[in-house]
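To start, the structure itself, in structure tokens.
Labels run A, B, C, D and E following the written order; every chain starts at residue 1.
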């Protein structure tokens, strides 16, 4: 579970409910037609903007906002170093058995290509093409939420304009201006709230998640190619650690020492 | 038929008609001069911004928003693998007959270049130039709708300002402010609605369609060049599958098995 | 004459005059000080933003918005194929005489470089540098109009704020609010109209024209280099046709047949 | 201490307090629920947009806005020239001892790679990968503040809309419109103030700082690779000085002369 | 003196003073606290955004907006051709004496590197690095004014909101609404005027100047490297002229003829 998403949603919602409750009646902020104009308009425009399959795929993407990836860069580096050790001692073919147990599909596929004796240039080509298209698919997912985030305030304003036209065109009683205006403004409120609190932050987190996942895959590609080139496991480790931030690198060394002391039971996954 | 576009347009229009009907009279939202200012202004500015031929070409482009391409990446890969098989067994010249039956003009042209014994570097050069210009033409089409999408709210506001100036300059009766304002706001409503519901989503879908088509053409170029290089059909398949998403790749394998069982009648188009 | 620009300007102006005339008095929309604030402010800011020579050069650029280039990509390709034929049959030096008759300065210069026996690498270098700077000069012209297009609504608002301050600071008679406000809003109207109807569309058309011209020059460079390399005229034609859209390519073939039947009198310019 | 940040914050705050105090009561600008809506909303959306670790890391980043880096490009160049001198006279291995005393971790790591006899290509690869990821981490830090800077005015407006809805929906007494509106506007004030005075400037300074640090690291990489290549210390100095601005280069020469006169006690750190 | 800047500032100011004077009292537009909020806020935020040294360096940059560079591309090309002539006839070492008299520091430095027998690759490397950092320093200068240009309207609005809050929170007398509002709007006027008339145009001109200067330096680099390569002065001239626009190139030829007739006294600087 991604704690930041959870804290943000629960905390933010609580705060707004409290702030509205402090200033008056919550009921003044509930208006079903307003909500339908904003949500319906956003959905309709998004459907016209994207293919149906991408639109439906959104729910699957949403999962990534709430679930945190449990694999860390350190674990991947350790796995690669281990694979490099095996390859060095027993040859590339010996990797087949270990590769079967790898959890990550991308890495398994890469190692299997190496085991199959594929040309290094082709291995690189295949893995990088796959990564490029993974990145593009991620961007499509983000762009759906970015589109929704820019549509929501627009439809909010559109709803308010509809409300204003209706109110103004039958203006007999000046005392009804205030409440009529309040109702018209609720659509703007919904649109802004959905955009700033839901759609844009989701697009933001998807972007961060995507960059993390792509970093991991870049480490894998670099590692797999180094294994295939028969490089020294120590040098591979040194190279891959350049991908890490200094803090993680430091904690990496400490854990390494611990695991060296307690046997390398921890290093394997 | 692109179902997403259909659902979006029908659903969105229904929703807005219902929402307006709920709040009052539909007639208050019909104003021909307002519509003419927005639509006419958008058309006029677009005509000044683009050459006449591109402006007229818009209708042809619009078709792409409603019609879904029926060719999938999988079918193209299968076709390429089949062509590679033929080329391997019977030589590049044997491709001529099969190439004649290809539906896609781009692919046919590419295969014919190979059959004609054109230099591989030149084949690549010609196909990539063509793809680059295809992409540029697509972008021009999108940019017409993007321009319209940014002009519509602007002319909507312009119309409202015109209405306000007219209303304010002959302000005798305060009670006429409300209805006058309502009429002035309708132009803003038209401009915003056209932009968020029509022009921008169309530009969005054209962008997605363009990317899909270019991906297919990239697969074709990669495949044709591999065939010309005399690569192994299995390796070509492996390479091209890196362009696919994991889900499609998986369904690809399953279908492959099925078609292997039922003969490859399905694999060919 | 560029018909799109003409239709857009005449049609748009007629539409707005009609729409304003329908709603009231045209006189309410004429205010010389407002026009001077917008136009004068835009001019002043543009003068500070750009060198004097570029600012004066604007009038020359404007011509491109109204005049359509009469040279088409097909004609250029035909000319290049013809030059390639001559070069093949009679040698590169034989191009000198024909080059003298070329209308396009860029192409003439390129062919003369080839005739002079300049090193191919240097020919490419010189022509591409020239093209790069042509593109940059085009962008400067566009950016002047883009700057004007973003300044006009800003000065429109500024003028309205000036009008509001003047009206509000001497507010004795509530009945004067309406007309005062109307006058203040005219500046916003002028600013928006100039931007959306004049400056932005001009910048847009300049951009399209620039891309067309650069495409033609790219075809020329490719062609000239191919001629110098002594390539087969048929292959040069094939290569250059990749720059064309499928529609133009098809019409190109048809015309070619016709001209083949009626002698190639048409193919030359 | 970064004096510019200090002067800006103290001066700006003083100015605003004075300006508000001049125009009326400071109390009218204090409203805890408004502040909570803006700050709370910004925090909540930022938490959903970014991983928890990045959000918490913000405080550490903030330090960079207030503390000025004391290492200058000149000192780094001097250090590199000195290292090059040692490497030339006593060999690359002699650098080990001096490297131990280097304060900068990045440079120490680079020199140690050279001392260890790592392949030059790999040294370059490792250091550039590290620099690329340093830059990306910097950008993440900036983007958190940029996100906050774009969220703050949005939540300010949202709070004002909430206030307006509450005020308008229970509008009995026209005389309460003014004060109610004033309270609603305070949220907009908070949002704008936080964005323009705090979040955006912080993002700006982080960007400048990042560019400075990366420039220093680029000088280090260039220098370390030149040392490894065994280049002449004078030529290395000449090369690295191209990274400096003419002013710094001039002051560099003067200081050099001074230090040459007074012994090179100053040149070392 | 840059005439465009002068005409723009004097003309624009005159126009606005006249327009304001026409509509009422100039005094209504003078409000010291409003000016202080806008200018002070902009200064404070800019100080937090940039290092103190850059902020102070702004005054030096401002000079470039008013002073026009007197060196033209033609003169630089003539100088380079002359240097190439000398190098051809008397050898690269003979350039030393002439280089001493060059006014441009960048060119002098480049020629001296050539005279010193530096490796061509290194000369190119050093000069291009210097140019890249020159460009970056220019961009920093521009970005300070762009930041100010985006801050000014923001602080203008902020000041207006402060004014509105103060006015609304003590609203007893409805007749004071107008003048109070007028005072509040003055801050918006100041902010918009400073941005559109001062900060943004200055950033614009700096950008144009920067591009011009970089173009000149690119010509110098190309020329110096060609001299070092011992190329024919005529070919160098041909190459460098590709950097010029057709108009300048034409006037270049005419002047050349004149100077050829009257001796080359004019060609040298």
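Going forward, contacts are C-beta pairs under 8 Å (C-beta built on N, C-alpha and C of every residue); 3 or more make two chains touch, one makes a residue touch a chain.
Which chain is which protein? Per UniProt: A, B, C, D, E = Chemotaxis protein PomA.
Note that this is a predicted model, so its numbers are computed, not measured.
Asks: What's the call on chain A versus chain D, same or different interface residues, using the half cut on shared numbers?
Replies: Looking at both copies, the contact residues mostly diverge.
Asks: Can you work out the whole-Å distance between the CA centroids of chain C and chain D?
Replies: Chain centres of chain C and chain D, defined by C-alpha means, are spaced 42 Å apart.
Asks: Rounded to a whole Å, what is the gap between the Cα centroids of chain C and chain E?
Replies: Taking the mean C-alpha position of each chain, the two centres sit 26 Å apart.
Asks: Where in chain A do residues touch two or more other chains at once?
Replies: Not one residue of chain A touches more than one other chain, so the list is empty.
Asks: How does the ring run, chain by chain, when chain C comes first and chain E comes next?
Replies: So, from chain C then chain E onward, the ring reads C, E, D, A, B.
Asks: Could you pull out which chain A residues touch chain D in their complex?
Replies: So the residues of chain A in touch with chain D come to 2-5, 7-9, 11-12, 15-16, 19-20, 22-25, 28-29, 65, 68, 175, 178-179, 181-183, 185-186, 188-189, 192-193, 195-197, 200-202, 204-205, 208, 211, 235, 238-239, 242-246.
Asks: Could you please specify the touching residues of chain A with respect to chain B in the complex?
Replies: Per the stated touch rule, the residues are 33, 36-37, 40-41, 43-52, 54-55, 105, 118, 122, 125-127, 129-130, 133, 136-137, 140, 147, 151, 154-155, 157-159, 161-171.
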